[in-house]
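Both complexes below contain chain A, partnered by chain B and then by chain C.
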Partner chain A sequence: MSSTTDTSSNPAGAATGRPRTGGAGRTGDAPAGSARGKPGGRDLAKALPWIAPALALILGVVLFPAGVMFYNSTRDISQSGVDKGSVGFDNYVEVFSFPYFWPIFLRTIVWVVVVVVFTVLISLGIAQILNKAFPGRRIVRLVVIIPWAASVVMTTMVVYYGLEPYFGVINKFLVDVGLIDTPEGYGWTRNPTTAFIWSIVIAIFVSLPFTTYTILAGLATVPGDTIEAAKMDGASPARTYFTVVLPQLRGALSVAVLINIINVFNSLPILKVMTGSIPGYDADTIMTMIFKYIQNQHKVDVASALSVVAFLIVIVIVAVYVKVVKPTREV
Partner chain B sequence: MKKSHRFGAIALAAAATLTLASCGFGGGSSGGDASGKTTLNLLVPSYSDNTQGLWEDVISGFEKANPDIKVELEVQSWDNLESVIATKIQGGEAPDIYNGGPFAGFAADELLYPAKDVVSSDTYSDFQDAFLANAEVDGTAYALPLIASARALFVNNALLEQAGVAAAPKNWDELLDAATKVSKLGGGVAGYGMPLGSEEAQAEAAVWLWGGGGSFGDASTLTIDDPANLPGAEQIKKMIDAGATQADPGSTNRSPLMDIFVQGKIGMQVGLPPTVGQIAENNPDLDYSIVPIPTKDGSAFTLGVMDQLMAFKNDDSKKDAITKFFDYYYSADVYVPWVQTEGFLPVTKSGAEALSGEEALKPFLDVLPDAQFYPSTNPKWSAADGAFKSLFGQIQTKSAQDVLTEIQAQADAG
Partner chain C sequence: MTVTETRAMLSVDAERSPGGRDRGPARKRRYTEDQVPLGRVLLRMLAGLVVLAIFILPYTIMFFGSVKTKAQIRSVDPTYFPTEWHWENYVNMWSTPETPLPQNLISTIVIAVFATLLVLLVALPAAYYTARFRFPGRMVFLFLVIVTQMLQPAVLTSGLFRQFATLGLIDTWAAMIFINAAFNLSFAVWIMHSFFAGIPKEIDEAAQIDGAGRLTVLFRINLPLVWPGIVTAIVFTFVACWNEFAASLVILSTAGNQPLSVALTKFVGQYETSWQYVFGVSIVAIVPVVVLFMLIEKRLVGGLTAGSVK
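Here is the complex of A and B:
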């Protein structure tokens, strides 16, 4: 049922009503009344061949692994990977009774909020600059894509090695300008707090291109006459930005924030590289904890349970976001 | 309309979440025998850049001698090896032959052939008894020793001389004294390189805890949270507090730290036989010597590590092929060059004889009789190993007792 709702409804933003008339046209010679009144039955049968590949893909790539993940989370799977039968929700009990679970949970929230907020704020600025015409703008726009084009692991490794004591360039620089007084540098990636902060910096850096381009696309849709009108009325540039431009970026911003929340929440590689050598659980988020369950403790079952929990957390965050921000509401 | 958008957002969240969760499903090749050939799947870790080539040579030689058997090689990094094998087993795609560390869990799940069943009696009797004993679970060896390594203390002679230390330390007091003096030289030089980071924390832990008279237990019980392990743990803290180690030992990994030793910035660090080759290649001018690891009372001790080959029970028709492969591999002509190129110590009697004249291996062969091994036949060892890797480094900030308790708890829960 949801699939039919999905195909006949309008995509967000394009609320001109045109797709709906198009949809009615598609039903062809069927009586208009019955098509509108009972969209099920025949319509569905007609639509099925067209949407079947997409449905198969969703089933195979999204729902089936989700099912397996949930199934695994209720099993007792031995270290070598043999399924030893059902244990009900014991794995969930283990996840929640782990003494570091709540600190890890809070750290995950800090991680998501800080990275997303800074990414969006910085991107708003960059997008504003890139929206102005200046010589070489095309090149600068290309340069902004670079963090996106490079592999996240590669970008992280570059910073990681830069931060290494003894031979890292960042450490060497800080020693040479006199900010650090130990000659081998400071172990930035060896201490939970500094490693976590640097991870946040990298996460912001790699999230900027996508966010900037989404906002840039949003800026392109802001009609010039609204800005002109504001100017005519004598509004200051700041006032023009906050009361005319920003509200019209609502659609672009809400997409950027939503996708960033999900992306950042699920990000493993940055933290894995930056905090991987730190003992204990003082720099872990839920994602790195899932990884540690698999890699260090070989508990695929518990890792699955934590994955299910993570999945629910994302859904709750997204639901709250959609409810509070109402990204689909028209300006 | 609003509803459908929310559905879309949730579907998007689902898709994004699942990319991580579902990446454990890897494909594997099954024993296809279209041409009547038996196919053996071989999963091995990479010990060095030579590993893949060495195995390929073994396989091509073996296939020439046994044209009816085909061997498929898969080389993985040590980091991934254990997750790869777990995924394969879970997917019913276990390799026929696997080269790895802990195997007691596989034996407990009855996945392995007993060693006796997959090698000829000649090959079986050629293994050194101590190594074979270390591969036993309840009196039956389930794995074939492959290589051994022992550890010894690498000493930078120049730094020790500069710091006014006359002779390489033999016990903890001398070590602390020497390391503190070297650290005081300044200029980023550290006295003792102590890698307690996740890479191989269990090894450095064993060097100290066992050197103080402790142990990790045996095949049936793990005794990590044991008073006998406390002196070693306290000594680690003493070394750190005295500034005798490099900064942040709790989160320093072994390999990168060894590079710093090779560069001549660390006074002393525990190393392995391949370290000799590493120094020869990267800094041949380094003035160093190899001495036994200092212990609490100066008694001889080394941490021995043995890696094994094991054969998974997939299809009984493959058993003969596996036996042929092992017999071929352990013949001295094939095995000795293999071990030698990788820079490890041989586990066969014939191999030890062939290599007895090697200069670089001598310091290690000398300490090998005093080697103690991880309790790797304990089914919980794998969990304990993981617990050491992820928790032991906390000893830098937490109390020794707390760390040992926490590791024991996590190991027991595994």
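Here is the complex of A and C:
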């Protein structure tokens, strides 16, 4: 039974990012070769059969396509897919000289920042509710998972339907409560601006479960006695929250923000469903633009150039974020 | 280890929040010793109810819509609740002109099942070995795994498209199986790595002294102990592959090859969308994965965050 207890406590350690204890964990964190003499090529040869399949999958299906993408961004590829030779940076010139590029770029920033900020703020509130004991809490926690497990496409489609003029039920609700005057509605999904705003709402909604769960995991690490102590000292609940609880959530929040930034930046299905049928480029982000280049214009070369730009943006965001927030710092 | 013991372990684990062993007693104290006034409990329940209502709302609309007739769902003054329950929609929805939905369902299942199997086959040995042994390049390998966690198919789609076109695998299930497996590998490796790392090495050594080979140690000693981690990896990978959208959209062009996530988008912008069928299919696609995710609720966060924090 003792081994059982060990098993269950260790993944928990991993969840909070604390260094794992025990023999096996130590090997991971110490610099290689300090305790047991120098591991040599023979060790690598022994390891290969175990890690080679994973390595092959990562190299073949993640890193190699990334290389292909960089290479293609400097090539002239015909609509039928024939490589017609190098064009230097012409594809990049086409990306940046596209009149809608900078609006799209700014919209991408708005998209990521607004979604992530609201997601984190709302999740902090939901996590606070779900961290308190009350009858039925378990059911609420389970229900919160639904948008995480459900296909984002399908979640988005129900909102799209709900906003339809005349027969959409969300539209009807907005009419019934008096927020809009006519069942014709606002043309929510016909107008790029409103379609984009509703897309933001959906993106926040589907990002809440993961964020809430990460914050709940963080709240679980806040020691009960420090909260007790703050209470004893006469701190108000709000003050306790901001001075005792929130600082302890730093690690969880860092991870949540980082993963959300990447997810939201890469998000395609919401905007594809909500704004895909609107002509023009007034509701596009970099990600939907990449797919418009591939699917509508059949310009894989230009799409590759824009993908490289997107790729570099992701790397810069991650690097800056890690540098500024230092999410790996032990709290 | 018997099935019941494993169950017991799972439930022990489930009782515990991710804080770890030290948190158990603290949480219990909060439950039992603190006498929370009834008013506050009711207030919390009310807040919980609001959260529940918000999260279930879109799926309620979906469900109610799925049993309405086309006339009802497209009526100019719609009703919130279905006035009649047309369960026959769940039979009729599989034959719509927009897309071959039965084939789309099969595609979704085939891609998700085989991608999950591939992930398991590839991630399990890697997770075991990197948790148990040190070798030159170990940190490089683990770094690569983290990098793939930061990358998603969407940003690499143009590269994937060209590569699989060159390989002649464009518009095949095989391409999507490889892509889904590759991009979900990191979660599986991390979650299983942390479980393997949690087993005291002495258990292995004792077994080896007793004459067990390395594979015997892995299969007979370690696997039963890391079973919860394996289940988590399987479920998470399966659900992610089930819902994948961006790469499938570009790689799979034949209607019959496409998974449901891609196929359903064809209904949007139609002159007369059969929303009741869209929602029926959505319910069928959503319920199983929601149940799976609920089964691994307590461990959902672990594998996603472990890699990033390390």
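What we mean here is this: the second predicted complex is superposed on the first by the 265 of 331 C-alpha atoms of A that agree within 3 Å, B and C clash if a C-alpha of one lies under 4 Å from a C-alpha of the other, contacts with A are read in each partner's own complex, and residues count from 1 in each chain.
By definition in this document, contacts are C-beta pairs under 8 Å (C-beta built on N, C-alpha and C of every residue); 3 or more make two chains touch, one makes a residue touch a chain.
Note that the coordinates shown come from a computational prediction; the quantities given were computed from them, not determined experimentally.
Of the two partner chains placed by the overlay, only chain C lies in contact with A:I146; chain B stays clear of it. Look at A:G187: by the touch rule set out above, it reaches chain B but stays clear of chain C. In the superposition on chain A, A:S80 makes contact with chain B only, not with chain C. In the superposition on chain A, A:K272 contacts chain C only, with no contact to chain B. Contacts of A:S304 after superposition: both chain B and chain C are touched. Legend: residue contacts after superposition of the two complexes on their common chain; A:Y166 is shown touching both chain B and chain C. Touch criterion met: A:V318 reaches chain B and chain C at once. For chain A, the partner with contacts to more residues, out of chain B and chain C, is C. In the superposition on chain A, A:G280 makes contact with chain B only, not with chain C.
In the superposed model, A:Q295 lies in contact with both chain B and chain C. Comparing the two complexes, residues 5-6, 9-10, 12, 15, 58, 61-62, 65-66, 68-69, 77, 81, 166, 183, 258-259, 262-263, 266, 268, 276-277, 287, 290, 294-295, 300, 304, 307, 310-311, 314, 318, 327-328 of chain A contact chain B in one case and chain C in the other. Interface of chain A with chain B (complex): residues 2, 5-6, 9-10, 12, 15, 58, 61-62, 65-66, 68-69, 77-83, 94, 164-166, 182-184, 186-187, 189-191, 258-259, 262-263, 266, 268, 276-281, 287, 290, 292, 294-300, 304, 307, 310-311, 314-315, 318-319, 322, 326-328.
For chain B in complex with chain A, the residues that touch the partner chain are 1-22, 24-25, 82-83, 85-90, 105-106, 108-109, 111, 186-188, 190, 196-199, 201, 246-248, 250-253, 256, 260, 263, 265, 382-383, 386-387, 389-394, 396, 410, 413-414.
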